[in-house]
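Shared between the two complexes below is chain A, which pairs with chain B and chain C, respectively.
Moving on to the complex of A and B:
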């Protein structure tokens, strides 16, 4: 039987009114990979943050190796050999991978006060002034030997800070040697990485590898990975899993947070399910299936199929020809992109994060200037007369009568204004209507009421700042607003990122409705299952190039995964 | 295993408040204000002989004791409010204009120059109009230069506007040197360009003008398309780009407004209050205004209250300093204490501090819940 590495007993955490974790019990064993599964807002990250010392529990106990411990800070967590790999990497771009790993490493404790005490305890007990009897008289003389000893002792104490400084300098100089130890750690677990490379030269998966090596090198026995697969390609995920298995066999306890059920089934030995801050159950992966886990996770049965209708009355709505963009860093972010978005269908765009998806959508929306190529919109109001969108600002595009809606990736930073209420956010698209200098809040307010009602946005009222809404409700507000302007082209970038299953389906249904209404929908997604189930065609981007436009009904995930990494593969072959 | 010090839970725990009721926030601020007054009293007790409690009565007699003092209070309040209103549109746009002092000062200079050069040759009414135009244009120029640089070159507006203050100050001294030939270096009261006096109180006109501007700025910020655009730019430039707001245009337009209002401040100082020009005529209110505007959360109506508090304390403490025969720095200490307390209390509004005393924990929690439910009832009621 395996030993328990860490055990949580009735751990609770509240944030104001919100109960993030309610009396959660959790056991993680050595030689085991535990998946932590739950919808958004079920308290997974909060729980892990309490183990890694970022939050402190309101009540409950944490035991490590059977002993109760208090983890007040990330340093405590480190001392208890807990390492967390965050979703967003915390690396210094201009340093090499090895430097990043060594960064912040402390030399062994060297306490000046303690050393001083030790040194002072060696003070001679003889008195400096001694009485000498001579000829019956007692005269007092100074004992220079004792005086010398005392002076030397104090000198030693005074020198302690300099000794410490010397040790520090030596420690820093020797850091280069320790880089070799690192490569050993890396090789032991089969990481394929050159630690001398600078972080900015590394791919996302390599950066993640650096983070993992970092916690391993610091001696972590309990590893926590927060959604490690979100940014990886299927092939990279396989590699990561292989590494995790090797670490497990090496005696580590591993906790992995993920939304993806197939990954849970593939990697974990046990699954702990959280729902609304409560621990529902921990089950052996071997004795369960995806359906059962989903039911535990959402608390009720959900339909996992997306209704996809056959596209009808397809017209070429948006034609992108030879689009290329070179960014400020002189990197070609889009390279000769050609495609057509048709009315009445959903065109999916797949690709690893940062393959040019954002630039593509923003150049269509008029936010980014492109270096060469054309974007043509066929206006249905004018008998599909072509309109050139090249070098037009968003306002000009709107004035041309192009009904283009855009749900950007960054909802609160771009699509909405976080500190404004729902009504004012509705106004973003419409405030310029009318000729007066004053704002018309009546129609936005009506629209806000409609969206809150129709899309079941959970909010106290329409005068609540959108930053106070949960992720799903924020997205409903944004998508609702974009759909309200009756678009003919609807672009949505990662519209379900961070949303729970129910909210995700609301969004899928909205997109499908739009498609049936004859809107040309462009959907940038990351979950390949969703792309395959929702879209009619899928365009795959890789490093700014279109590596394929495929029929979603007949493609497999693996095929898309290959297309997503196509140039990388061919580059490696070329080397 | 490495050493971990004693098995203790942290004594003080700080957690971010997700939401706080308006009443509770107001209560915390009131406590801070009272605390500032109490500490002010203690400072007085240390510094003066005699009855330190008189400090509090001096505060009130110094401000509300005579009609003259009340008018002085209203006038200072109006001027501080106006200059706070001037910086507010820029602040709402997250454009940290700390150059209101200089923008008002060039307004002073422009208005004074008009009196000096053409005061004799045109009727008073025309002169006042010319002064107004000159002061406002000068204020706009001083504000829009950093605005243009920010919009086109993304220069740091804080440093830029700060430096413009010193340029303005030197300009004023330069012109005083030209104008004053006697060697005293002080420009006396100018004979022309005085604003008309309504009802025997020279302050009334200033108060009326500022009251009207307050309402106009409040409407501009909350009800106009321009006001909406500048708050979008302030909250998120990306969103502004996304919906097609011309960010450069909004920055420059807002700085024009900010500068025009500062120019008004200069105009009122010359034509309505001091009738002369000196380099310290604005007297640091341009900087105080930053705090006043900020404390009012950039809301013009709240700003009436915050500028009242500052003016009240300043005038009251100045009176107390005279009564105790203390130097002028005394009032600075009192106003400083007030700002310290008010700014420090923002921490308690944004964060919840709880003490982890095990035996008292449950009681404390109960008390806290009780307070919270009371507050809730109040709000609902």
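Moving on to the complex of A and C:
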């Protein structure tokens, strides 16, 4: 049996009225990867934040290696060799990767009193004054050798504070070749990364690598990864898993938070399931299956299949021709993009984060000026008469029925105002509809109630600031509002990012409903399994270029993965 | 003619060097301390009170020593400006108040304190005490024009330059500096790395305030020779502009301060009419705006302000 690395006993945490964790018991063993599974708002991240010292538990005990500990701050967590890799990386953008790894490193202990004791124990035992017999007479003389030794010993003790100061200063000064030394460590572990690069020049998976090296460099024995695969390509995920397995075999305890059941099955030895802040069960991965886990997670049976209907009455709704965008940094973010979005079908867009998905959707919504190309919208209200969107303002485009529900990385950046309540956020789309100068508050209020009810948004009431809701609930509010406006084109970017299975399926069903209503749905997603199951066609973007528009019914995940990294592959082949 | 302008520009720039170095140190920790003009005023009044206390303690002015006349006002100034810096931190870091509002309040308070107490304090012996501040190095006159420009100043001019260089080296080359920058760039990251965000903010702000406070002492005892003027607040605002101008680098701050100092005193050495003089006085501010435009067009990550500048950090925020 493996040793217990960390054990939680009846740990609870509440935020105001919301109970995030209620008497959770959890055991993590060394040489083991534990998956922490649960829906949104089930308290996974809160629980892990308590281990890593971000939050302090309201009640309960934490034991490490069998001894009860108090983790008050991230610094304490360090001392107990706990390292957490957060969902949003904790890296300083303007520092090099090496500096980020070094940040917060402590000098090795140098105790003056202990050193003094050691030095004093070497004091000579001979007496300073010794008797010398000479010519039969005994005379007393001072033994200068012993005196010198004693004096030297005390001098050494007196010098200790200065030695410590000197060591402190020496440690404080950053070595010029610090990146090189760290690089050797990284190479030894088999990480492919240039540590001299600045963080803002790194890709998402490279940033994650930096985080992992950082945690390893600090000597962490307990590793926590919060949704590490959310932003990685299938190939990158495989690499990460290989690293995690190597660390597990190295004797480390690893906790990984993820929503993706196939990953849970692939990587973990045990699975702990949380539901609504409570620990439901911990099971061996080998003795369970995806269905059983899902049931434990949501507490009721869920149909895991997405019903994909055959598209009907397809009309070319949106035609994008030769679209190119050059951004402020003079980088071509979109390069000759051509595609057609048809009514009654879902067009998926796949690609590594930052491949131009955002710019593509924003240019259709009129938020970004494009340098060349055309976007033609065939207006169903006027018998599919083509309209050029280039000359329209965002408001005009909205009125045509083109709706963008963009879920940016921080969820609240675009679309919702964090400090406003749900009703006010609904009004962001309808504030022009009031009577004269006065606002119409009734219909948004009704809409808010509907969304809270239909999409099962967990909130005390509709007058709660959006900022206080959990991530998944925020997204439900955002997508719900956009769908409520009965669009003809619905663009949803990462609408299920960070959502649990139950809420994700609510969103997929919403999108499917829209498709059946004859809406042209454009879905930017990151989970390839979902893209393949949900969409009718998938457009793959890679570094601003369309590397393929494929039929979702007949493509595999690996093929899409290759298309997503096409240019990189061809470049490597060219070398 | 040019040499004499340069000499006084170097001398005058000291107040900017001290002010901007202090403010840079503070801003590197993510505290946008708009209280720096007030803190410089507080440093000045601290110096005045300190000198007054020292002179009162002597039985006659002739007993004055260089050590006492210099050290007492400097210590008092450190207490005054350090206290205001700590107060700023108490409000913005511990109590999480808005940084801008707090800073402006402290500026108003500091400037008010200077005009309230400045004239009421007995300044007998100040002129003599200030001689200790203004004394240049003996060999300056032997080196001709060059010596005059570079070595004829009081010790605080060199002190300011050395402090700016030390601060620059600490920020760029030490772990302490790296941690400080991490606190200013991304406090959550620094926190997760086990650094105490609160301690770094307090230390940087208090030390930065003390450095800036020395600017006030310099102005009163060196530049004005022991008399008093209420323009320190204006120099404080310029010091904040210099922080931006020198893209948060204290070593560049020395030269930026020199340029600002030069432009500031230039009108007094030129035979121009009132309108032209006012126009020349505007140049430093116009240059600051220009630098802001240029740095934002260049969009280099390194020449941007600390990313978390002006934001309060609360660990459990969700």
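Just so it is clear, the second predicted complex is superposed on the first by the 432 of 575 C-alpha atoms of A that agree within 3 Å, B and C clash if a C-alpha of one lies under 4 Å from a C-alpha of the other, contacts with A are read in each partner's own complex, and residues count from 1 in each chain.
In this text, contacts are C-beta pairs under 8 Å (C-beta built on N, C-alpha and C of every residue); 3 or more make two chains touch, one makes a residue touch a chain.
Treat the numbers as computed from the prediction; the structure is a model and nothing was measured.
Looking at the shared chain after the overlay, A:400 reaches neither chain B nor chain C. In the overlay built on the shared chain, the residue A:103 is in contact with chain C alone; chain B does not reach it. Looking at the shared chain after the overlay, A:428 reaches chain B, while chain C stays out of its contact range. Using the contact criterion defined above for the overlaid structures, shared-chain residue A:15 touches chain B and also reaches chain C. Of the two partner chains, chain B is the only one touched by A:437; chain C is not. In the superposition on chain A, A:417 contacts chain B only, with no contact to chain C. In the superposed model, A:69 makes contact with chain B only, not with chain C. Within chain A, the residues touched by chain B in the first complex and by chain C in the second are 15, 468. Taken together, the chain B residues at the contact with chain A in this complex read 1-4, 7-10, 13, 15-19, 223-229, 231-232, 235-236, 238-239, 241-244, 246, 352.
Looking at the complex, you find that chain A touches chain B at residues 15-18, 56, 68-70, 72, 76, 79-81, 109, 365-367, 393-395, 398, 406, 408, 410, 413-420, 424, 427-429, 431-432, 437-439, 468.
By the touch rule above, chain A contacts chain C in their complex via residues 15, 52, 54-55, 73-75, 77-78, 84, 86, 90-95, 99-100, 102-106, 171-174, 198, 200, 328-329, 467-468. Partner chain A is touched in their complex by these residues of chain C: 173-176, 178-179, 181-182, 185-186, 188-196, 299, 301-302, 304, 307, 315-316, 318.
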